[in-house]
Amino acid sequence: MSYARQMLDSYPHNAGLDADVLAATIDALTDCAQACTADVDADLSEQDLAEMVRCIRLCLNCADVCTATAVIVSRQAEYDAAVARPQLEACVAICKSCGDECERHARHHRHCRVCAEACRRCEQACRDLLDVMK
Amino acid sequence: MSYARQMLDSYPHNAGLDADVLAATIDALTDCAQACTADVDADLSEQDLAEMVRCIRLCLNCADVCTATAVIVSRQAEYDAAVARPQLEACVAICKSCGDECERHARHHRHCRVCAEACRRCEQACRDLLDVMK
Amino acid sequence: MSYARQMLDSYPHNAGLDADVLAATIDALTDCAQACTADVDADLSEQDLAEMVRCIRLCLNCADVCTATAVIVSRQAEYDAAVARPQLEACVAICKSCGDECERHARHHRHCRVCAEACRRCEQACRDLLDVMK
Amino acid sequence: MSYARQMLDSYPHNAGLDADVLAATIDALTDCAQACTADVDADLSEQDLAEMVRCIRLCLNCADVCTATAVIVSRQAEYDAAVARPQLEACVAICKSCGDECERHARHHRHCRVCAEACRRCEQACRDLLDVMK
């Protein structure tokens, strides 16, 4: 069980969000942030560096947005949908753009394939949380 | 002249955003992130701590969203409005909520008054950048 | 297999650090950052809030230091021990302080018990990486 | 007057650190983080991209370490030297490495000259705070 899940189970109370969906989203966000950070580092080591600039730029932004979104949704005890929703929507946008770009390089660079998958899962997880957040 | 402005002036090229508006937004975002971080710290030292919990929660979120938004808009050379716009909109939302809450405490706590002002200026700066970003 | 491990396996090359130790450290750092963020949120919901202020302060710092340390060590392709070592040492220091404080509350608050464990594991993981980093 | 200074002046109490030195350090840390983030973005737009990879890697790390250090020292009300000192020392190390590398490119790229200066000022500011922190 992830720490995100263990922490949710140990709260004095929660704001009524489904703990399974919330924990899965937090885990997908931290996974995606880590994958994007590592993908930038791997891209910078590639021979075809000039081809990877757009991927690097998107992964940098995706890592930062996912990290911020992860802490926003982790603070769930009194969460405010007026704040959490737009941040999740911003995260969906960057995960979509970054996943698309990583996929373009997935055949040549295995790290981009792994990162694309992390972006796709994160995008979906954010959408799932938005669905239950109404 | 702030480092944000100096860096913008030294770029090999830019994506066509007005450098004055962009630098002002970056400075307002980093100011607001810092003010919110310090306000949490000050709130935690107050006698009426139980009254300050909502302020602490909003300032924590506002600091993280402003920090992420600052780096997104700082990466302007090839900026992507599809990514930057929703992040700026999320930032407007949290600055509005956080500024409202800080203002409620502004009479009793000078640090909340200073922080409320930083939130208001940041909200407006994000709106200004959205206006020129079309 | 965690994304940290998958990404390490997909790199064009690495800087010679043991991938098992490195992946375990990255995972422990992101777990600890998340647990500390959630513990602050849970602490803020407790009845004995005034008793939890020191725990909140340490968890805030621990989350931020772990997040920074995670990205530093994730960028391992050309890692520089002169930079990574002091950051890992700073992380050991905060994980030790934060773990001690969380442990003081572990009997009363389950979220502090979970967080203390995440801090202990992270402290040890950072020490393990320092050992192989010479 | 910077927000860092205004916030320090508005605190219910402080931990005895000199407010001038502390505010100057916080400002230098946020300036350096911003300059490094922008320098990465500018480097990625340069023709001699392959020459800039080490600069990009160091600026990425420097931005993240400065951001974390800024929040640690901003939380000064009950600051703990056992935590703050090692983080400041890690920050001195990365600012030194990053400043050296940026200086190597200062003649060719004005953004690296501006960033080098931000790193030097931040390194010195962290040393100044360490001096008064005993």
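Annotations for the structure displayed:
Labels A, B, C and D are assigned to the chains in the order they are written; within every chain, residues are numbered from 1.
Keep in mind that, in the parts below, contacts are C-beta pairs under 8 Å (C-beta built on N, C-alpha and C of every residue); 3 or more make two chains touch, one makes a residue touch a chain.
Just so we're clear, the structure is a prediction, and the values are computed from it rather than from any experiment.
Taking the CA centroid of chain A as reference, the farthest chain centroid is that of D. Chain pairs A-D and A-C differ in how many C-beta pairs are in contact, and the one with more is A-C. With centres set at the average Cα position, the gap from chain A to chain D is 27 Å. As a whole-number value, the distance joining the C-alpha centres of chain A and chain C reads 19 Å.
Under the contact definition stated at the top, the residues of chain A that touch 2 or more other chains are 40-41, 44, 53, 57, 60, 67, 71, 75, 77-78.
The touching residues of chain C, when paired with chain D in their complex, are 53-54, 57-58, 60-61, 64-65, 67-68, 71-72, 75, 77-78, 80, 82-83, 86-87, 89-90, 93-94, 97. Chain D meets chain A in the complex at residues 40-41, 44, 49-50, 53, 56-57, 60. Looking at the complex, you find that chain B touches chain D at residues 2-4, 6-8, 10-13, 26, 30-35, 37-42, 44-46, 63, 67, 70-71, 74-78, 109-111, 113-115, 118.
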